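Right, one structure below, let's go through it.
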Amino acid sequence: MRPSGRAPDALRSISFETGVSMHAEGSCLVKFGDTHVLCTATVEEKAPPFLRNTGLGWVTAEYAMLPRATTSRNRRERQGASGRTQEIQRLVGRSLRACLDRPALGERQIVVDCDVLQADGGTRTAAITGGWIALRLAVDAMMAKGTIASDALTGHIAAISCGVTAEGPVLDLDYAEDSTAGADANFVLTGAGGLVEVQASAEGSVFSRAQFDAMLALAEKGVAELVAAQKAALA
Amino acid sequence: MRPSGRAPDALRSISFETGVSMHAEGSCLVKFGDTHVLCTATVEEKAPPFLRNTGLGWVTAEYAMLPRATTSRNRRERQGASGRTQEIQRLVGRSLRACLDRPALGERQIVVDCDVLQADGGTRTAAITGGWIALRLAVDAMMAKGTIASDALTGHIAAISCGVTAEGPVLDLDYAEDSTAGADANFVLTGAGGLVEVQASAEGSVFSRAQFDAMLALAEKGVAELVAAQKAALA
Amino acid sequence: MRPSGRAPDALRSISFETGVSMHAEGSCLVKFGDTHVLCTATVEEKAPPFLRNTGLGWVTAEYAMLPRATTSRNRRERQGASGRTQEIQRLVGRSLRACLDRPALGERQIVVDCDVLQADGGTRTAAITGGWIALRLAVDAMMAKGTIASDALTGHIAAISCGVTAEGPVLDLDYAEDSTAGADANFVLTGAGGLVEVQASAEGSVFSRAQFDAMLALAEKGVAELVAAQKAALA
Amino acid sequence: MRPSGRAPDALRSISFETGVSMHAEGSCLVKFGDTHVLCTATVEEKAPPFLRNTGLGWVTAEYAMLPRATTSRNRRERQGASGRTQEIQRLVGRSLRACLDRPALGERQIVVDCDVLQADGGTRTAAITGGWIALRLAVDAMMAKGTIASDALTGHIAAISCGVTAEGPVLDLDYAEDSTAGADANFVLTGAGGLVEVQASAEGSVFSRAQFDAMLALAEKGVAELVAAQKAALA
Amino acid sequence: MRPSGRAPDALRSISFETGVSMHAEGSCLVKFGDTHVLCTATVEEKAPPFLRNTGLGWVTAEYAMLPRATTSRNRRERQGASGRTQEIQRLVGRSLRACLDRPALGERQIVVDCDVLQADGGTRTAAITGGWIALRLAVDAMMAKGTIASDALTGHIAAISCGVTAEGPVLDLDYAEDSTAGADANFVLTGAGGLVEVQASAEGSVFSRAQFDAMLALAEKGVAELVAAQKAALA
Amino acid sequence: MRPSGRAPDALRSISFETGVSMHAEGSCLVKFGDTHVLCTATVEEKAPPFLRNTGLGWVTAEYAMLPRATTSRNRRERQGASGRTQEIQRLVGRSLRACLDRPALGERQIVVDCDVLQADGGTRTAAITGGWIALRLAVDAMMAKGTIASDALTGHIAAISCGVTAEGPVLDLDYAEDSTAGADANFVLTGAGGLVEVQASAEGSVFSRAQFDAMLALAEKGVAELVAAQKAALA
């Protein structure tokens, strides 16, 4: 029995509140249970230097947690982002770029900021899944204004965690499970089921090929549900 | 006529949503119109080094804005807090300490984090006013648990901005007014009307004694209304 | 009776030694009693980026203390300026800009450096008052050389501290008073008596409207004397 | 045909030169083709603070590249390690800890430094595989000296990269392949074939479940060969 | 003929003003012509960590220039001291430690701060020579108070620069000479003529053994005069 | 008798292995006994800003030690280079520029990186002597490709340390001697015997003119041997 009483293949309660920022071109407050992440997308007319005169666009991401998003207070990262933070924001950026049509965006950059207001496990997967909504809304607004002629996104991106716990392989770990799981994995997939990112780590003991395959199967099911929820939120 | 259509002595719509964090000892989402600040209070059993063995407590504050809290995106302060940020968080900390009974708190520290989710002028006054609610809730919780024997706060603290605009002295500037006002002031007062902080700056031209006095009178009225709203929120 | 034996409305002994730097365009060693600040003004032909192609000039300030300007030694700020330092240098810069005729200066910047050689309270007010002399001398030199056609300064700027001590409201606190005062205020005024900056803070207890008014009246008297002393030093 | 002429499942020429440092407790210069990494293991009698009084040991890793290890010169990371560097050294540390018997090591820390002298793709997998040799030698030396009573390592750790290129899934990418592959993966396994870390990223296009499975099969073959080579080097 | 009209072996006008700081245990404003350095010595009862429980004392030095000490303004070193600054302050510290009786000082540290108020060449030699006066005064004060039982300094330390210019080897370069000399050297000697530090650098062309010997002879003469001036200043 | 059994005027075993980097324009692994330094020269078509439009070239150097190059592990300098590191890399750069024909190089920069793989005293002198080989090879390659028309180097540069130990003045100190010597000196000379840099420091006691002269004589002998070895390595 999982601490939350969920079935092994059950997501937490998922919600997307769109348009939460009066300033951002796209925004979304995503909730995976008690994990709440505020995602905003900012369209910048200037692309990063390495793209000058290529006609290609870029999507980048930043990630942070409010100091008291967690059980005990964390220091603000004012002397440089931690390794963990950098790892996560690199992952979010790479994941979102997997659905980017770079010539269609043109020589611009969209910055997706993911700020964790409250954390209960799975903040990076919530950030990717909600960040995609903010990105989608910003691109929709550009199309509505005629800034770009065709859609700069090729489809959905969503992410979910899995783990091997005492109850076996389970989907969408909350903090109680995450902190005790023997293996921990994050999967990023497209709406069409293509693999974008796979990151699995042993925590304390190794995991087998069969356990890995079970986690991947759970992730495929979970991402399908997340993509359906994204569609409902945008409808 | 003010851009918002408000009377010169009218506050924006004010609200305090308490208990917004599942982890913090006290929390409040304060809104002064479109300015939204998430305030959390964290109780730390360890006081800062300069208080070791004094039996006295401390309250400190941190302040930050999410990158897209503003009209255009601001960089995260990951290479050190800016002068403006440090100035504001020092102001918030000093203001909240003005109602602190340091022996009653005992050798502990309460950290009040004020994170601006959306900015439309007056973020520092909203931070102080909402931060006080978070602090009040954290101290109430300590008393309920018996951690402290008597109340560690001596009363209310609230803050409001004033300015001299083309319409004359006005209360509670939003961003449209703030960016064009000839003088800009922030006042922090206690619930009993005592002065805690006065900060007035000329912006482009000097201001007269009479203009300053008019701003102070507006602030006294505004703070009285804020204190009443604090009481209602805690009732 | 004040620790120094001064009357409540008496300044310390004030002096301005001009031309103390062989390199700077304007310079002044200002003394407010035992507080000694070396002020230099540097004229830079390049304005800051945000003024490019506006034809407008700028004045900025930097502030620092030598490590042993104080009773016990302070660390050099080699890993970033402290919040206090940034707050003071922002105040000095804003104060001096209040007398600046930006089109008359043209697209240039004047940097006023205020380095405290010895501190005994009131370093920021001495920095503003002496910094104005350095600025005045630099602008005079530009006019003498024909770099600018008309005066880029509209008048005098001077600053003084006040506080509420056991002896009541007093003018120009030295360190002994500053460290024990119940309220502490700094006032920046023009030669014509206009208000430029007002900063008052409760220290340990709040202050009343009447106490604030008494401090402001003292400051008006003190600044008038400082302006007279500035005129004498430049005569 | 691969650029190097290798078969899809062929490793580059692999070598381990042990004892290359006169100072380190364990050391190894590992070569995966033209990728050369100098690995040293340092035994510190002091464990990190979070382990105080637990009786448990720790292994951590650092990773860096000499500035001219690469085709064009890279800046030294003297203002903080980059996100990429931190990601790699966290990966190396986690990987090596997967074979650590923490009570057997006791309250000590072993630091494994991996410095890339020359880079041609696969530096992180070479670092893990050669770092394990340095770690093994340091632990052997502790056992020989009687510092620890039983073996602190539970087995071998080795790592290899795979990718999907125009030639299909291939093993052990060199730089020419790495920079053009459509998907890029790193696998860390134990000598017994257990999975320790799986990291796969789409580069420009997504990858399928079948492609992923092919990469994992290649990795299992490659790691078996690396473990055999580790054994030969230590014999 | 030298730019200043001095003979090849002539020092600039040298002066030492002692007791210039009301706070420091020892202080001296040293002038080598237009080079002015404010030196203070601070006695700290706590020695640096590497001396804990040795009973031995330490002298360290810090060096800085005010931003407008030079012809054009230099940035403050607020993001870390430059290589030049660190090199100079290491030199000053080593030089002053050459006359230190470490057991006589006991487990304490004296920090000598050398702040250049105005620069015209030779700031490091002025800093050493004036810093020694500040150190001497601080040690005298400790002996007078009975903090230490016997003298912690074994004699005088003084320093001077030499160079090879178009006029041949010359003593005590000012900025005009320093910036054009073909070789540049700094010598630190004791009052008894012992060598403490020798630093000579070719600037644009190499120098011969004979030129080096001529510079050393000039330095021996110059330091003898400086030591005599130190004695006169302390008499 | 020296710890190593060498005669007072004997160098350690010296070797230069050239072409050790597949990427660098010039490279050399230099060994002075157990001190091993990897030197690479990188040709950059862009000169530093202060040379823009002068037609003159530049050589600069960087220096670092691997963490376990030393007996005990040293921290990586990821928060800024230490004073020692900066001092050494400034010395290496100045030394190599002494043989540079700046117009012949043209408006380019060559960066010489010196990374100490293993340290046993004398790392800076090995870095200069081996760095010169890397620089020589890079310039030879530029001439062979026709990038430059004439030789940009005017001759050899080599460096060696000396010290005064219990055995009297000795040449080329290893770590055992370096850590106990009463005086420590580094000499940089040209192939023609001209002096480039002289740096001598007392360690614990002063040194005499005679001792200094003896060290210089040893250095002249040692550098002659090093230059001969450089010639042999390049033959």
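Note that the chains are named A, B, C, D, E and F in the order they appear, and that numbering of residues resets to 1 at the start of each chain.
Here is the rule we use: a residue touches a chain if its C-beta (ideal position, glycine included) is under 8 Å from a C-beta of that chain, and two chains touch if they have at least 3 such contacts.
Remember, it's a predicted structure, so these values are computed and weren't measured experimentally.
Steps from subunit B to subunit D, taking the shortest chain of touch contacts, total 2. For the touching copies subunit C and subunit E, the fraction of interface residue numbers used by both exceeds half; the interface is of the same-residue type. Averaging Cα atoms per chain gives one point for each, and the point farthest from that of subunit E is the centre of A.
In this assembly, the C-alpha centroid of subunit A lies 59 Å from the C-alpha centroid of subunit E. Centre-to-centre, using mean CA coordinates, subunit D is 33 Å away from subunit F.
Averaged C-alpha coordinates give centres for subunit B and subunit E that are 51 Å from one another. Taken residue by residue, subunit F touches two or more other chains at 80-81, whereas all remaining positions touch fewer.
Each chain touches its neighbours in a single ring, whose members, counted from subunit A through subunit D onward, are A, D, F, E, C, B.
Taken in their complex, subunit B has these residues touching subunit A: 21-24, 27, 34, 38, 40, 42, 44, 62, 64, 66-71, 73, 76-81, 111, 113, 115, 117-118, 120. By the touch criterion stated above, subunit C contacts subunit B in their complex at residues 80-84, 86-87, 89-90, 94, 98, 185, 190, 192, 194-202, 206-209, 212, 216.
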